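Listed below are the structures to be examined.
Next, two complexes with subunit A in common: one pairs it with subunit B, the other with subunit C.
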Partner chain A sequence: MKKLLGVALGVLTAIGGFLDIGDLVTNAVVGSRFGLSLAWVVVVGIVGICLFAQMSGRVAAVSGRATFEIIRERLGPRAAGANLVASLLITVLTLTAEIGGVALALQLASSVEPRLWIPVAALGVWIVIWRAKFSIMENVTGLVGLALVVFAVSVFLLDPDWSELGHQALQPRVPASEDHATYWYYAIALFGAAMTPYEVFFFSSGAVEERWTAKDIGQSRINVLIGFPLGGLLSVAIAACAAIVFLPAQVQVDSLSQIVLPVALAGGKLALAVVIVGIVAATFGAALETGLSTGYTLAQFLGWSWGKFRRPASGARFHLTMIVALVAAVGILMTSVDPIKVTEFSVVFSAIALPLTYLPILVVANDREYMGAHVNGRVTNAFGLVYLVIVLVASVAAIPLMMWTGAGA
Partner chain B sequence: MSRVRRRALPFPADEPREELPPPEGLVLDARLHLLDRQVLDVDGRPVATVDDLELTTPDGGEHVDGGDDAVVRALLSGPVLGTRIFGGRPPVSRWHRIGWPDVVEVGTVMRLGVRGDGLDVLWVERWIRDHVVGRIPGGRHDPE
Partner chain C sequence: MQVRSVPAVVVLAAAMSLGGCAVGGTQTPAQVDEALSDPIDQAASAVATAALTARLLRDDRLTAAAADVAIADALHEVVDARGSLAMFVPPDAESNDRRTTASAAVGLALDAVADARAWVNASSDGPGAADVVAELTDAAAALDAQAGS
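Now for the complex of A and B:
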């Protein structure tokens, strides 16, 4: 019974923890412009992140080595150093977007200007990183994040034309009002939102934090293979809400208040309150994950002592790194940059940098020195190679498409 | 004394080589099995990553690149990482050494037989602990 509860808890936190500001914004923007015609990308992204997270979790559980230690060891200091710089920049960008998301959600709830909420949100993130236990942090934000299920409920309450939605999803077509290049640009953005590199740094380091061993691989597989697809279903629900309300009106989503509007239309004030709680939990949780990831990547590259299971004094440089990252994120947000715009860029840059982390994990997951009997099976490797191609194509195509379409304008 | 570089070839690529007898026991390739590995102390706490190696000849003299037998005298970490990435060589006085006799196990990580606290390579960690992180309230308590 206790084991069953453990599995249920793991799955629920995986669902609630799956969504972050990148998924919220990108899905809503895509839904308002392309309907469900890009829903297939979410499916591709979910299978990819399941594969990727599962591999990196398994590597960490079996070898006790987290992702960036392996990247350094495999690529040497130069290539891994370049990789580190790129990964850190994107993770700080994502951290900035998440803290901005927390502030925007709190603004919706309170009408207090986001610039007053930004330092409060960052301080909250820091206190949790500084003092809270890893498992509590994961479970609380994951479970409260489940409030985002209200997006799925709203799809039903809005009473849409189901055949039209099904038609958009199953026979995808570029809407007449949009360009083909823009369509593919947003396809890459959605893919990047589902497969952000920080999720993998966090997942593998988390496995070390929670002292996983080969015995825990089964549990982690269930969490990932059930939790992430259900989280992905919520992504599609967000896109569907935007498609139902905004696509016919030709309104383009560019603020958080528009993202939650369909929920308010469907379920009134109560649903609005629930969705705000869900967004605060999801973005706060993701801010914790990205904040920790900045410390994880740098500490693992340089061989420092790291981990939340230690007291901060035993991981001094690790904790100092995260403080600096949070200060940097607050500094960027205080320039009044729009967090929604930061988010849109962060997901595309995630897609660009993805091969840098994906390839070393794929290689090490096949290395018997690290993995012993737990190397990738044939099916995993077949999927792994297909995704290697997808990840590379998305990465190479992203920048030309960004320039061609003016970042999807 | 010299240090191992991944990129430098110690011999011309087309050099004819004599047949060597098969090695006895475990053979470690310095570039493959030592460089860029995580170093843990006797309590399993991360200490550093092996950024470079200090090599000498068996009798303790300075080892010349591509010369005869070399002995690993110490693992290096810290500022030498910069020179491994960008080239050059820091002065010997700036090297942070972990003596080879302290290494007790070489695997996917290298384990030391001593505690990390006394080692030179951790001075930055100790400084930040004593002057910054340890002074913030809660910094010396276990997470709750």
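Now for the complex of A and C:
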């Protein structure tokens, strides 16, 4: 019974913790402009993140070490260094977007300027990273993040034309008002939002924090294979809400305040309160994950002592890295840069960095020296290779498409 | 061509290309259409957002705080659209007339969204809910007329 509860908790936190500001914004923007015609990209992204998250979780469970430590040891400092630089830059950018997201969500609840909320949000993230236990931190934000199920409920309450939605999703085509380059630019953005690099590093470091062993591989697989796809369904629900309310009115989503309007239309003030709580939990939880990921990646590369299971004094450089990352994020946001723009750029730059993140994981997961009998099977490797081609194409195409379309304008 | 003349040709080509991009330079009709229609679309999207927000607040389905943020964001969009039209340099008299009428429609939208924000914050004895929604509807119609022209 205890094990079953543990599995249920793991799945629920995986669903609630799946969405972040990148998913919220990108899906709403895409829904308002393309309806559900890019829903297939979410499916491709979910299969990819499931594949590599369970791979990196397995590496950590079998070896007792986080993926990044092994990458440096296995591929050498130069290859791991390229991975580190790309991952760290993207993770700090994503952290900036998440803290901006927390501030924007709190603005919706209070109408107080986001620039006043930004330091408060960053301070809250730092206090939780410093003081809270890893499991409590992950479970609380994941479970409260489940409030975003209200997007799925809203889709039903809005009473849409289901055949039209199904037609958009199953027979995708570029709307007449958009061009093909913009369609593919947003396809890459959605893919980058679903497969953000920090997610796999956080997943493997979290496995070490929670002292997983080979016995825990089954549970981690269930968490990933059930939790992430259900989280992906919430992504599609966000796009569907925007497609139902904004697409026919030709409204383009440019702000977080627009994303909650379909929910208020469907369920009134109660639903609005629930969605704001969900957005705060999702962005705050992702800010914790990205904040920790900055410390994890740098400490694991440089061989510093790391982990929340250690007292901060024993991992001083690990904690200092996270403080510096938080200060940098606050500094960027206080220049009055639009957090939504930061989010849009972070998901596209994530797509650019994907090969640097996922190729090393695939190499390590095939190394018998670390993995023993738990190396990748043929099917996993076949999927892994297909996904390497996809991430490579997305990575190469991202910048030309960004320039060609004026960042999707 | 002698090797020494190659840098001069490159510099000349670059100068001519940049000269072609100077303010008031040649613009194709498609570029003029885009420069005038994009701000209209942006303003129309913002007005539709403000109208939805106003209706939700009127029907007690939205809090005043969330409505204020949504309408303030819409206001930023309309201001941005008006700025784009103001920065546009028309290549001929016809384009200038189109810019003037487009600016008037966006100005109407700006007033409507600003009035909606004042109503949300109840900072004046200004218009009521019905007036605000009607003003936003009129502004949307004016923008629609511009988009169709």
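Operating definition for what follows: the second predicted complex is superposed on the first by the 409 of 409 C-alpha atoms of A that agree within 3 Å, B and C clash if a C-alpha of one lies under 4 Å from a C-alpha of the other, contacts with A are read in each partner's own complex, and residues count from 1 in each chain.
Keep in mind that, in the parts below, a residue touches a chain if its C-beta (ideal position, glycine included) is under 8 Å from a C-beta of that chain, and two chains touch if they have at least 3 such contacts.
Predicted, not measured: the structure shown is a model, and the values here were computed from it.
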item	value
Partner chain(s) touched by A:Val251 [first = subunit B, second = subunit C, both, neither]	second
Per-residue contact with subunit A, leading partner among subunit C and subunit B	B
A:Arg58 touches, of subunit B and subunit C: first, second, both or neither?	neither
Partner chain in contact with A:Phe309 - subunit B first, subunit C second, else both or neither	first
A:Pro77 touches, of subunit B and subunit C: first, second, both or neither?	first
Which of subunit B and subunit C A:Glu369 touches, first, second, both or neither	first
Touching partner for A:Arg317 - first (subunit B), second (subunit C), both, neither	first
Residues on subunit B engaged by subunit A in the complex (per definition of touch)	6, 35-39, 45-51, 77, 81, 84-85, 108-109, 116, 124-126, 128-129, 132-134, 136, 138-144
Residues of subunit A defined as touching subunit C within the complex	107-111, 245, 249-252, 254-255, 257-258, 260-261, 264-265, 268-269, 272, 276
Subunit A residues touching subunit B - in the complex, by the definition given at the top	63-65, 69, 72-73, 76-78, 80-81, 130-134, 299, 301-306, 308-309, 311-314, 316-317, 319-320, 369-370
Complex contact set, residues of subunit C against subunit A	41-42, 44-45, 48-49, 52-53, 56, 60-66, 68-70, 73, 77
